[in-house]
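For reference, chains read A, B, C, D and E in written order, and residue numbers begin at 1 within each chain.
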Amino acid sequence: TGTETPDGQAIPNETATETAAPPSGGAVLRIATTTSLYDTGLLDMIEDTYEAETGVDLLISSQGTGKAIELATRCDVDILLVHSPSQEQAFMDAGYGVNHRCIAYNFFQIVGPEADPAGIAGMDPVEGFRVLYEKGTAGEPGVLFVSRGDNSGTHSKEKTLWDMAGYDYETEVQGSGEWYIEAGKGMGETLVLASEKDAYTLTDEGTFLAFQTDLVLTPIIDQGDALLNRYSIIAVNPEQCPSVNIEEANNFIDWIISDEGKGLIGSFGVEDYGKALFTPLYPPECTASPFNCTCAESVSKA
Amino acid sequence: MIEAQNITKIYGEMEVLHGVDLSVGEGDIMGIIGPSGSGKSTFLRILDLIEPPDSGDLSLFDVNVVKERDRVVEVRRRMGMLFQKPIVFNTSVYENVALGLKYRHVGKNEIDRSVKELLEEVGLARYLHSNARNLSGGEQQRVSLARVLVTDPEILFLDEPTANLDPKSSKTIERLVTRMNRDRGMTVVMNTHDMLQGQRVAQRIGVMIGGDILQVGSPREIFYAPESTKIANFVGVDNIHDGKVLRREHQITAVEVAGTILYVGESPPEQSDRVKVIFRGEDVTLGIGKTAQTSARNILNGTIAEISDIAPFVHIKVDCGFPVSALVTVRSAEEMDLSEGKPAWVSIKASALHLIAESEESEG
Amino acid sequence: MIEAQNITKIYGEMEVLHGVDLSVGEGDIMGIIGPSGSGKSTFLRILDLIEPPDSGDLSLFDVNVVKERDRVVEVRRRMGMLFQKPIVFNTSVYENVALGLKYRHVGKNEIDRSVKELLEEVGLARYLHSNARNLSGGEQQRVSLARVLVTDPEILFLDEPTANLDPKSSKTIERLVTRMNRDRGMTVVMNTHDMLQGQRVAQRIGVMIGGDILQVGSPREIFYAPESTKIANFVGVDNIHDGKVLRREHQITAVEVAGTILYVGESPPEQSDRVKVIFRGEDVTLGIGKTAQTSARNILNGTIAEISDIAPFVHIKVDCGFPVSALVTVRSAEEMDLSEGKPAWVSIKASALHLIAESEESEG
Amino acid sequence: MNEIVQGFIEAIELILSLDPDVIEITVRSLYVSLSATFFASLVALPLGAYIYFNEFRGKRAVINLLQTLYALPTVIVGLAVFLMLSRSGPFGFLGMLFTPQGMIVAQTILIIPLITGLTVSALSGIDREMRYTIISLGSSQLQSIITILREARFAILAAVLLGFGRAIAEVGTVMLIGGNIRGFTRVLTTAIALNTSMGNFSFSIALGIILLGVALVVNVVLNLVQER
Amino acid sequence: MNEIVQGFIEAIELILSLDPDVIEITVRSLYVSLSATFFASLVALPLGAYIYFNEFRGKRAVINLLQTLYALPTVIVGLAVFLMLSRSGPFGFLGMLFTPQGMIVAQTILIIPLITGLTVSALSGIDREMRYTIISLGSSQLQSIITILREARFAILAAVLLGFGRAIAEVGTVMLIGGNIRGFTRVLTTAIALNTSMGNFSFSIALGIILLGVALVVNVVLNLVQER
């Protein structure tokens, strides 16, 4: 059920203009996002479209998930665009964010050498992780796993997977042997490292597609709910941060969850990779498991 | 103008100046001579406020510069110094010479006039736009000098100003300095190892030996009546002999030197009878054959012991019971057809002899 | 040993040397004198293979170094040069002096011995461990000299070796160099602006003026028989007069100068009757009262026109129809009680007079 | 390998086609780094000359400190400046975070110790007598500084060029302070970092070549200016 | 602001507690950067002195080029070395990618132009007569180089320290070539970058302080060695 894109990609134009603020001259909106999302190029396209439509200047900066959240916490941005549900939750719970909306999803992939020395192709992701762990700790030749090791959204997902497989990340996985390589850097570089070492790694689809030509890796497991990768948008709480341009932030969120925004997201990547990189979320799918989030309610009217 | 009292300077663990006193009046030209390494340059640097003394008092233009440190720049701008090592900046000769005037915010036209005038005087007018680094040693020294003179200092310190110059250029520089002294009342303190230059230019000379100024006096006094054998040695007195004062009569002192009695035209030192009798080789008249009639009071006969050429003079040592050194010109040596072993007489005026108390000489 | 032919050197657009020729034999001491900026240092740098000439031929130790560029280091190691600007390295005096030997891979013990010996000779033994940068000007010059001498070069180039030294230290250095020349047959080429040093030390002297070597000869020839008035002027000949050759008899030439006939002890130049008669002030004997009996052939009566002190001599100009300059010692000037306007006679030996063809002087 | 060749080709194409995006970030790089170099030099050159000229207690320690700061990581400078300029920092009210002005501030701070330290060591080779000469000609403190800087101009220019090189090549502070915002704070180095993380290696190399080209031009121009 | 104070406190804690992870990456940083500085100096110092000593056509151009390379971005050097060392690159067989040795190679390449250029400018202030003196004492090419380097040792040491500072502070090449692998190629700067991207600002600053502390120690030690 994983990678196929849901239907309903019609792009209803009406909603687009509905929320668009009147061209607001010098208005600027600061957005912090993560590198893996930014590096796909999606946000450049969104920026171009949005700026052309509204005249609002989008200032998008990308960094590690942790730092992006830190920027939001410190009131240096108006909007956060990330894909790390547990960290998002913590951010919301601490009262730093308002108007959390999930906007799209895709799937992480376990990629590795074509020969698949651990023999996990076709397995359920959690099962695959368990086999990797067993063979890796047993010292089976060729079984290596490269971890992002940087507390990014992807890394969070990896930790969740180890947890689901029944291992305690900090005590049992980290430092469990040479098979487990902690890279501590961005997705692309982690992929390159895995490729050079003929190792497995967990990656988001967009980055993998961007780097594919330089890699000797192929997707080994790319299906299963456990690999779900949910992208969300959050406005910074104006009560915490008076400097936040909450009005424009809300306008933007409304725009992106509008059919126009989702249409753009849903079509992104077709040109370059022959398929869409993201699947926009629509109600009621988003409110149900495994998403459990809000994806369509206008924020400015809340 | 300059009052230095008890100046000491210590480098590391070496005391280079041991309490030097010097006072120079306005408009004076003071020469300082002394052996290499005796502290002349160090002393000049202290006077020019480049380095502070370790102790002692220094006042310049009646400003006590040791106490009033904040007036140092002001005082320094009324002085100028030419350093022993000629330093030129890596720019044109013109820029080099203009520097001090620029520091004083002198107008462009005046700078232009003064710089060109001085370069003309030191004979470097045609190098106006050359890079000073490419000049010859002597040319660089003249650039450095022009750079100082152009600021028209009230006190001028010169450290070996003509070390790199041929006699003709040296003369030009000497003339320039004495003229500025005369016309503008510029006070000059000059280190020189060129004794003749010291005699030519300076009104008074200080002799610095081993970190002390041992004697200050007119060139005449320094060269003909040095106060100690150390000084006598340094200023090139060829004849230094132990003597014993016998008696004193009619302004004349009779001194016995190695059995011979010499008549000296000055009173003996107070302290003791043991003295050194000194006189210069050029004050000794040498003759062959019958003794000539001269007004010299001391005529000694002897034989020529040694002839050595120290051009343009010939240095002749005559054994008269004790060795007497005489300097004669090459021509007269030839005329007399001197040779070793030949008998000769020497004659020395009583007034050319000078007495030093022997006790002073313990250090030696 | 050294054969330089037609050496030219151009800096920028200025030709500094215009085809200089010089040959120096093994064991010679050659002095080069000349005005500041005439190209002496440049020439020495070329001889020491520091800078290449722009044209001309140079052979050292019979190696044509212009053609055989690859032998330059080898040849250079057989030579040594003391530069005009004394350069010391920022290390101890010992290390400074040892450098050349280290380059030659001399053993540690031998280095130690040689270095200490030479520092002793130049009087710097007590500064062995001082940083050379902290030495006085003269001390640095001696360090530089010791550094060269310790390598025991077959050819030694000295560029103003005693510029920063007092007369006593200079003498020490001169003695050291002449001794090495005598004992080891070391060839020496020395630039000096100290004319007396040139006369004392060198066997032959070259006069460089404006980028040309105008005359090479013994000190005697250079100072007493310069070949042109340019040279005469530079070497300090005080009396230069226009004359006309009247006749020549018994080895003596009669020349008319301003109506007076002078007898000259040499033949006139071939080319013309118009000559310059030159003689040095120290060859002029001055007298008061009745004319003394001397072997000088020219005795002229006149009146004293000018007395000037150029210590330690007195310079006296006597008007004898034409001005004659005489140098007398301070003492004899005093004795004669000279004053301006007083009548006096001068006497000059025929052999002290020298003739120069006037045509040579067109430039001068 | 291939990517390097490819990078050269792309660089040439980008230059020939006058790609507006590339021109924009190149100009911004130059603007930011030249400004930073200018302001840093304004502080660092006199400071370095001052340290050289004056003997004071702890001079040696100051020099050691400056040389230690050669090892100042750009990320740390970036972070420190970030914490200052961030909304919740003491200078947050200036609104300089994520602006070119903020980047200039950060780079200026980064290269001041560099240029100061190099100035001191450039001057260290100068004769003591040169200093004496300047002083004795009656210079004020400021005049001494100007004279000595002019005298050592070759080495001083090298120090300034090094500061500029460090500024234009660094990515740590401009990334943190500027945020690599397209069309606003993106400069050559952050663009290179971005393209590298996107896997566009040859494009990164092309940008690197352009960066070096720009540096070469600055270099040659400043050298010509120095020689006048 | 707070984070900076916090960073100082954490730095002190880390140092006092001798945190083994921190010690490990600190030692690795030192090992990699000191090695790179050593190898680079071995090439760069003689090269710089050679350039200073010899007059040749294009000397000016070589110096300009070296000064241009001051602006060499670490990422570009990292990329180029990466492409060389990667499996599909010409030196892939060496297996040096993602190893400390590879990091040394990259840093060496990075700082060679720096040290060379600074050597040339350090020597530029030396009197022409000094060069003449050395030559006339009969030195070979190599002996001249050693003598002149020793003479300008203060400025030369400054150049080496700058090279070291640049190496230990840079993150671009060590990230790309080393890969920031925990326990194997992670060094102080990559750890700082990682912690910054994770938002652990105070920990980053603590590491930065440790880095500067290490640089200070190297600095003082090398200065003492130079003064002997």
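The criterion applied here is as follows: contacts are C-beta pairs under 8 Å (C-beta built on N, C-alpha and C of every residue); 3 or more make two chains touch, one makes a residue touch a chain.
Nothing here was measured: the structure is a model prediction, and the numbers come from that model.
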Determine the set of chains touching chain B that also touch chain D.
none
On the document's contact criterion, could you list the chains that touch chain A and likewise touch chain C?
E
How many angstrom lie between the centres of chain C and chain E, each centre taken as the mean Cα position?
56
Give, as an integer number of Å, the spacing between the C-alpha centres of chain C and chain B.
23
Counting in whole Å, what is the centre-to-centre distance of chain D and chain E, each centre being its mean C-alpha position?
17
Mind pulling the residue numbers of chain D that touch at least two other chains?
89, 127, 196, 201
By residue number and range, which residues of chain C touch two or more other chains?
85
Counting only residues that touch at least two other chains, what does the list for chain A look like?
63, 189
Interchain pairs in contact, sorted by label:
A-D, A-E, B-C, B-D, C-E, D-E
Taking the touch rule as given, give the residues of chain E at its contact with chain C in the complex, in rising order.
127, 129-130, 132-133, 135-140, 143, 147, 150-151, 153
Provide the residue numbers of chain A that touch chain D in the complex, in ascending order.
30, 35, 38-39, 41, 44, 47, 57, 59-63, 74-76, 186-189, 207, 210-211, 213-214, 241, 243
Interface with chain E, chain C side, in the complex: residues 45, 48, 50, 73, 76-77, 79-81, 83, 85, 87, 89-91, 99-100, 102-104, 144, 147-148, 151
Where on chain C is chain B touching in the complex?
11, 33-37, 40-42, 84-85, 134-139, 142, 159-160, 163-170, 193, 195-196, 199-200, 219, 223, 233-234, 236, 282-283, 294-295, 309-312, 329, 331, 335, 349, 352
So, in the complex, the side of chain D touching chain A is made of residues 86-89, 92, 97-98, 175, 179-182, 184-185, 194, 196-199, 201
